[in-house]
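There are two complexes below, and they share chain A, which is joined by chain B in the first and by chain C in the second.
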Partner chain A sequence: MEKAGIPVAQVTAMTAVAKAVGSNRIVRGQGIVNLLGDSDLPPEEEREIRKRIVRKALEALATDPARSDP
Partner chain B sequence: MTLTLANHPITEFFAGPKTLLDGSRLQVDLEELRRYLLEDQRLESVALEIVSPGDPCRVGYVFDIVEPRAKETGAGPDFPGILTPIASAGQGTTHVLRGTAVAVVDGGQPGGERGYTSRRGGGAKILEMSGPPSQASSFGNLRHLVVVPHPHPEVARHSVLNALRLASVKASVYLARTAQGKTPGSTQVFDLNGAGEDGRKGLPRVAYIGQVHGHQHGTEVDEHILYGGNTRGMLPVPLHPNEWLDGAVVVSYSWGARGLDTYFHQNHPIILDLYRLHEAKEITFAGVVATTSSGQLDELNRNCMVAAQIVKHTFKADGVIITKYAGGAPHSDMFETARLCEDLGVKTAIMVSDTAPDRRAESAALMNIPGVDAVVNVSEAADISWPAPAVETVIAGNPEVETLLANLTELPGVSVCGVTNNQGASRLQSIMY
Partner chain C sequence: MRVVHYLNQFFGGVGGEEQAGLPPEIRPGTVGPGRLLEQALGDGSHVVTTIICGDNYAAENVQEVTAMVTQQVKEAQAELLVAGPCFQAGRYGTAAGAVCAAVQDNLGIPAITAMSGENPGVDLYRESIYIVDSGDDVSRMRGVLAETARLGNKLVGQGVIGRPADEGYFSQGKLRSEFVENTAARRLTGMLLSKMRGEAFEAEVPIKSIDAVPAPPPVPDMSRATVAIVTDGGLVPKGNPDRIPRAFAQVWGAYPIEDIESLRAGEYEVAHGGYDNRPVEQDPHRLVPVDVLRQMERDGLVGKLHPEFLSTTGNSNPLENSRRMGREMAARLIEAGVDSVILTST
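Coming up: the complex of A and B.
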């Protein structure tokens, strides 16, 4: 997708795999089962986690990989 | 810690009026065993059948396969934390009924894609007793007591699974108690005494790290995995290899009999091989670590770091073999542990399972970490399939599954118990041409 000119942010709980396959923008998700949430938290706190991760992913999309914050 | 396995080879296994072992002939009173298993109030009924190698018989879906074993009277606990109170496994004499197994069938809930609403994350596995699939399986040449527990319909699913686990170990111990006080055909003694002897100077110290569960699949509150505990929040734990072989570890629910079976915790190929090399004074067996694959990155990093530290600084190992739980995600824990071990100067060999059905090496290698270059690839049989052998008997947990199994035309390798194994007990190998 990147080669076709579409920027990609990969949200994953397995960042080592993303690095190994050469993903340009890696955003750490919460966990393998609940990537954008946390079933141990009350819904309102979980929503905050979701917002934080999605915002981070949007920021990553807007970032040139060459100048990223590792 | 010394464990003696008293091996009783079984050549005949049949139902009869009294449960007893006469030489190599094992007779079982199925009614007495049924009454014993039905002491668990969650079970409404239990079907029991004995199947032998070559029988035109298909069994499914399999919850787990356990080797019948029982401690000599007073020698220690049987499956501590599950069947008996917590006490150390791995010491004293354990009687083993070689050539037999207890295969427990999960009825699940009727419905679903395969006539069965599967347990959490689990693949539907079949025990095939005849034809090419049985020859490719480690279980095809065993005499099985097939146990089909039918729980009351109102029992919650996690509790049903707990009842299946309990039935598996109860039946195993019940059968093997027939060998108590009997002279075994052979004995095997396992101890690491002498690991510090002068004669071992210069021998490489080799350890083993094995994943006993994968948290991506979740864990039931009453699930038994390690000494009866469900491993939630567990850090890597150093064990004596005897504990692993002698009932401290059973397979978790998710992938029971899918490349992992309690039978191959009891007959762990890597632990047994490390023992063999230890006795031959080719290596010194430094110890084993039980760990899990993680659901979260912090947990992954913590577990991998602790496991590597134990191997390096507690076991003072020069090398370590690492195996994984079933699935894809456990590869990352295994690779990261290996990377950390290599950084600490501990050589690693890891065992991955090829899940790629397209026969391409690029698809088979899920990860690639520089320095982690001793990678053994055991197949997950994703590209193997047999025409289903004709069968006369189908043993299933519910009528829908029975019909489905009776009408199968193909048996994919991934669906047959004992064809693949994440601990290396497999007759398959991935080869690229």
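Coming up: the complex of A and C.
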């Protein structure tokens, strides 16, 4: 998708793998099975986690990776 | 020889995906494939300790697990660490690579693992450790353990390690000087002739298989941009209309979310055999965050959420497949005027 010119923010708990395959905008997710949440938390707190990660992804999309520290 | 063996929850006989969160457990002696490993290593070799750790726990707590394995290898006064074989299991391979590299770096004790060429652990660790090419067929366990033991014995005995192709491990990218019969011009001409005849030949300078894609420029103004959600975590509508398989997927799907405020549990399922699907099936937003993006759309943080999400299964997938599906997805997104993508990867 990046080859086609679309900026991609990849949310993953396995950031090392994302780096190794050359992903340019990597955002750390919460965990493998709970990538954007946490099934042990009450829904409101879980939603906050999701908001924080998605906001980070949006920031990454608006940032030049060459100029920022991942 | 004293050996420590690292296994995941599956090969350690503890359980499947439902046990993937298991913290490391220490067992004396062999477990599961450890018995065959011990036989393959030969007389006088013993697996003194087996460490079993859940795939998710290892992936999420890499430092803790590598420190713990290092400590165990030290306490066991082991001369070799063997991890796996991991075959196609990505989290397992990544963890095996990490523990081998840590033990080798911190203790100076040789470590060896085995996995298939498509395992992400190979690209991460092939340069620092010996990784035997296991292929992806788990029924080859006995043969793979024999190859691992043979090379492991060599590492401990500090014997001369031959070339990757001869010894069966993944190239570490090292160059070694050696005398050859022919000049470069003759060798090159020979390769060219072989290529023209359609015969096999081995390049002396291997080409890296992953090509670097430069980062597309940032989105100038997210509040006016269309953002699409793409996932390789396998979320599909109930009934899996495109029949996306749980591994080796060759197809992907596009599923409408126009005017949908939030994804309802029970209307979706997960077609992915590589992780415990229950949390996502209980609440699909844990993978495809429609709820918060809808809110952000209303709050003006993003211009528009693209009216469909794209989904496939990133499990044991050959790179060629993934590249093709990426191209197809990109074509669809560009045609629809999408400016940016949030890709959620399990």
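Here is the rule we go by: the second predicted complex is superposed on the first by the 70 of 70 C-alpha atoms of A that agree within 3 Å, B and C clash if a C-alpha of one lies under 4 Å from a C-alpha of the other, contacts with A are read in each partner's own complex, and residues count from 1 in each chain.
Just so we're on the same page, contacts are C-beta pairs under 8 Å (C-beta built on N, C-alpha and C of every residue); 3 or more make two chains touch, one makes a residue touch a chain.
Computed from a prediction, not measured in an experiment: that's the story for all the values here.
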Combined model on chain A: chain C and chain B, fit or clash: clash
Quick check on the superposed pair: does A:Ala4 touch chain B, chain C, both, or neither? Answer first, second, both or neither. second
Regarding the shared-chain residue A:Val54, is it in contact with chain B (first), chain C (second), both, or neither? second
I'd like to know which partner A:Arg28 touches here: chain B for first, chain C for second, both or neither. first
Return first, second, both or neither, reflecting whether A:Ala16 touches chain B, chain C, both chains, or no partner chain. both
Could you say whether A:Asp64 touches chain B, chain C, both of them, or neither, answering first, second, both or neither? second
Looking only at contacts as defined up top, I'd like to know whether chain B or chain C touches more of chain A. C
Using the superposition on chain A described above, determine whether A:Gly37 touches chain B (first), chain C (second), both, or neither. second
Chain A residues touched by both chain B and chain C? 13-14, 16-17, 20, 31-33
Interfacial residue positions of chain C with respect to chain A in the complex: 20-21, 55-56, 59-60, 62, 90-91, 94, 120, 123-124, 210-222, 225, 227, 230, 233, 275-280, 282-283, 285-287, 289, 291-293, 295-296, 301-302, 326-327, 329-331, 333-334, 338-346
In the complex with chain B, residue positions of chain A that touch it: 13-17, 20, 28, 30-33
Residues of chain A touching chain C in their complex? 1-14, 16-18, 20-22, 24-25, 29, 31-37, 39, 46-47, 50-51, 53-55, 57-58, 61-66
Chain A-facing residues of chain B, complex: 215-216, 218, 294-297, 329, 331-332, 335-336, 366-369
